[in-house]
Structure formats: C-alpha cells, structure tokens
Amino acid sequence: MSEKKRTTIVLFSGDYDKAMAAYIIANGAAAYDHEVTIFHTFWGLNALRKDEQISVKKSFLEKMFGKMMPRGADKMGLSKMHFAGIGPKMIKDVMKKHNAIPLPQLIEMAQEQGVKLVACTMTMDLLGLQKEELLDHIEYAGVAAYLADAEEGNVNLFI
Amino acid sequence: MSEKKRTTIVLFSGDYDKAMAAYIIANGAAAYDHEVTIFHTFWGLNALRKDEQISVKKSFLEKMFGKMMPRGADKMGLSKMHFAGIGPKMIKDVMKKHNAIPLPQLIEMAQEQGVKLVACTMTMDLLGLQKEELLDHIEYAGVAAYLADAEEGNVNLFI
Amino acid sequence: MSEKKRTTIVLFSGDYDKAMAAYIIANGAAAYDHEVTIFHTFWGLNALRKDEQISVKKSFLEKMFGKMMPRGADKMGLSKMHFAGIGPKMIKDVMKKHNAIPLPQLIEMAQEQGVKLVACTMTMDLLGLQKEELLDHIEYAGVAAYLADAEEGNVNLFI
C-alpha cells in the first residue's frame, strides 16, 4: 500500500567533497529504503570515469577536456581549500584516521545498494566522454528521464 | 482534476555552466507541462542583465559591482576550468560543434515556453541592479513569493 | 487537520553569500510557519563556529583545519568576487547602506524563530570541530536524522 520514498540527486559538481556529500546522502537514503537516483551531469560525470586511460577516438577539443578533467572519483579536487592539492590529501588523511569511507568505495556501496547511477548523455557529448570511459553498470539518460524520477521524489537535490 | 506539476529553481550562481543546467532543466520541465519558476538571486541576476550598457544613476559601490559583474548570460564564466577565459571559449566551441543551444537562446526559449523568470528584489538592491538593466518581461519579487511557489513544488532546486 | 509545511536545507557551503541565502530562505519559511531545519555539513559548519578561540585538545591535522577555516559566520568569504577580501568588505558595506541584516544576526533571528540548527556529527569529526567550538543551543545529528526531516519536506535545498 505505502509508496516507496524517492530521492533524486543531480550531481553537477566535480568536487571530491561535494560528491562525497551526494553519495553519503544517497547511501543513507538507500539504507532507509528510498529509491535513489544520482543523475551525473557536467563535471559530476568525472566521478564515474574509470581511473585508467581508455583508448577512444576523440577530436582535439575532446582530448583537451579529457586531459584537463580528473580521471575518476579518487582524483577529484576540493571545492574549498584546495591549496595546490594539499587540501584533498589532508581530507583523505583525516578520513583514513576516522575510518571514513573514501569516495570510490562510497560509489561502489551505492551500486551494491541499488542506487541508480545515471550519466547525462547530453553533457557526455559536450565533454567528449564515451561510454567506454565510464564505470560499468550505469545508465544513460537525458533531462526527461531525470524529471520523470524527480517529479515523484520526496528529496530532490542539486549538488 | 489532476494538478499541474511545478518546478521551482533558485538560480544563485553566476556561472555559465550552472545557469545552463538550470535553464535546461527548466525548459525540460516546461516541455513536460510543469509550471516553472526560476528565481534569480545574487550572482544569478547576471543571467538576466541586458548586454548593452544602460545609463542609470548609481552610487560608487554600485558602479563597481556593476563593472565587476558580467553583463548578461553570454559573458558569464565557468564554475570549473575557467583558465583565464579559455574554458568558456572551449565550452562554447564544443557546444557549437554539437549544436547545443547557448545560454542566451536557452533563456529566450524559456520565456517563449512561459517559464516565469523572477528577479530577487532584495539582492537587486544589494548589488545596485535596476530594472532598466534587466531583460524585459520578467517579474520582480522577494523570498515570500519564492516560498509560495516552492511549497507547492514537486521539484525544488537551488543552483 | 492541516499539516505543517516543512523546509529542510543542507548548508554545505562555507561562503558568506550562500549562507546568507540559506538563512534568508530559512527565516522567510519560519515566518510563513514552516518547520525549518538547517543541517550544517562540511564547510557550512563554519557558520556555527564561535568567533573566539576555544581551547580544546586537537591533533595536528585538526589544528591545521581549525586555523585554515573561518572562525564564525562573520569571517566567511564570498563564493564569487572574493578579491583578496575586498569582495566581502564591499558586500558588508552595501548591506549596511541598505539596512540588510548581516549573517550573524540572520543566524540569531533563525534561532529566535525556532529554526532547528543542526551540526553534522560526521563532518565535525572529519574537520576536528568540537561542540565547545560551536554556538550554543544547536543540535547534533547525522544523515539519518536529516533524511527523516527531508522526506517529509516541501522545500528541500542543498546550498
């Protein structure tokens, strides 16, 4: 009888800390039995990149974007206090000390919990990212699919 | 009988890419027959500035803000990879290549689709922006009007 | 019979302007009789720091974070146009001129209106912030408590 609660997050940001917040909320919501979708768009797509280099055919501009953007969750920077890369190192050090779960493992956990990870096809096109470069077992969709999920949602966030 | 769905976006950010995301979601929602409001506050007001210089009376501080802020959607920078202006140029190049719609046209489309564009009067005051400097056919309101829309909303985002 | 409306804001950002937006919306919603929660996580915790230095035992990394982060709402920077500290000064000047309410007073107002201010315990741990360093009369909770509030919410924002 009772409907399932639904949480839908647009992950626009490519910052390690913001992606952490998104995935902590998503994992929490999944644990409380929500149907959860994270819709990765623009820089948020970097969280879904595989960390090895994948050989795909790209134009010059696409290659440049590919090089300039972090390859995978573990390489993302901070939204604040980046300090030429010292910030992310410090965060990861304190996280280890406090047994906090690093972002790549938060993403794995989300997949195991059935969180739907979606890559925005329109911005993949723009940034020249191809399916081969992104994690396996994710979905591909556009703004229409996002809205269909979000309009039924209890918790809708743009991060 | 069935109520109209409603999408309400606070556009706080003055970044080209974030404003694009806001307007793509807004246009999508309008196409799916939502009532859509974008409430422009703080730096998000810059998306509504006319691109020519408008002569209005301003205090010294207001003139400084006016000069420091981008005049209109087309002049806004990126949230990431700004690279002294190369980033926005690159994005616009790939957008042209992929026939993606540039921000100024996304805003026009939104107006044609009946998306309600609102300028936050309190932050207009703060930043010294006057009605003459902003696009025609927009509305002016404060946080109370925003909340009245948002509390009926299905999709409420802060961008 | 009629249920109370509910507004739930995640304040992730440590920027003065974004925190202002969060507290203006929160105070507005409280005035319109919403139950309002602001859940402060990551850099948003800085808005809750007391402005004097509190002597607590910390590790080296925690001390560094403590020094690098702004001590209280009044010391926070801007998300845009920081300009080596001139931006925040300018904003505060125009705010004074327009009789706008500064952030520390917006926080006080929120407390007086019964807005529930919550500090995220997980990120307090990460950043090495202790209860003694934060404002009095706030609550401490984790993502589960946030979700319990948010899933009943009409307006849910991530700022």
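We just call them A, B and C in the order they show up, numbering each chain from 1.
Keep in mind that, in the parts below, a residue touches a chain if its C-beta (ideal position, glycine included) is under 8 Å from a C-beta of that chain, and two chains touch if they have at least 3 such contacts.
Keep in mind that this is a model prediction, so the values were computed, not measured.
Viewed as a network of touching protein chains, the structure reduces to a complete graph with every chain in contact with every other. At the interface between chain A and chain C, under half of the residue numbers involved are used by both copies, so each side presents largely different positions. Each chain gets one centre point, the mean of its Cα atoms, and the points for chain A and chain C are 25 Å apart. Among all residues of chain A, those that touch two or more other chains are 156-158. The touching residues of chain C, when paired with chain B in their complex, are 5, 7, 17-18, 21, 24-25, 28-29, 32, 34, 79-81, 90-91, 93-95, 97-98, 100, 154-159.
Touching chain B in their complex are the following residues of chain A: 10, 12-14, 41-43, 59, 61-62, 64-65, 68-69, 122, 125-128, 143-144, 146-147, 150-153, 156-158.
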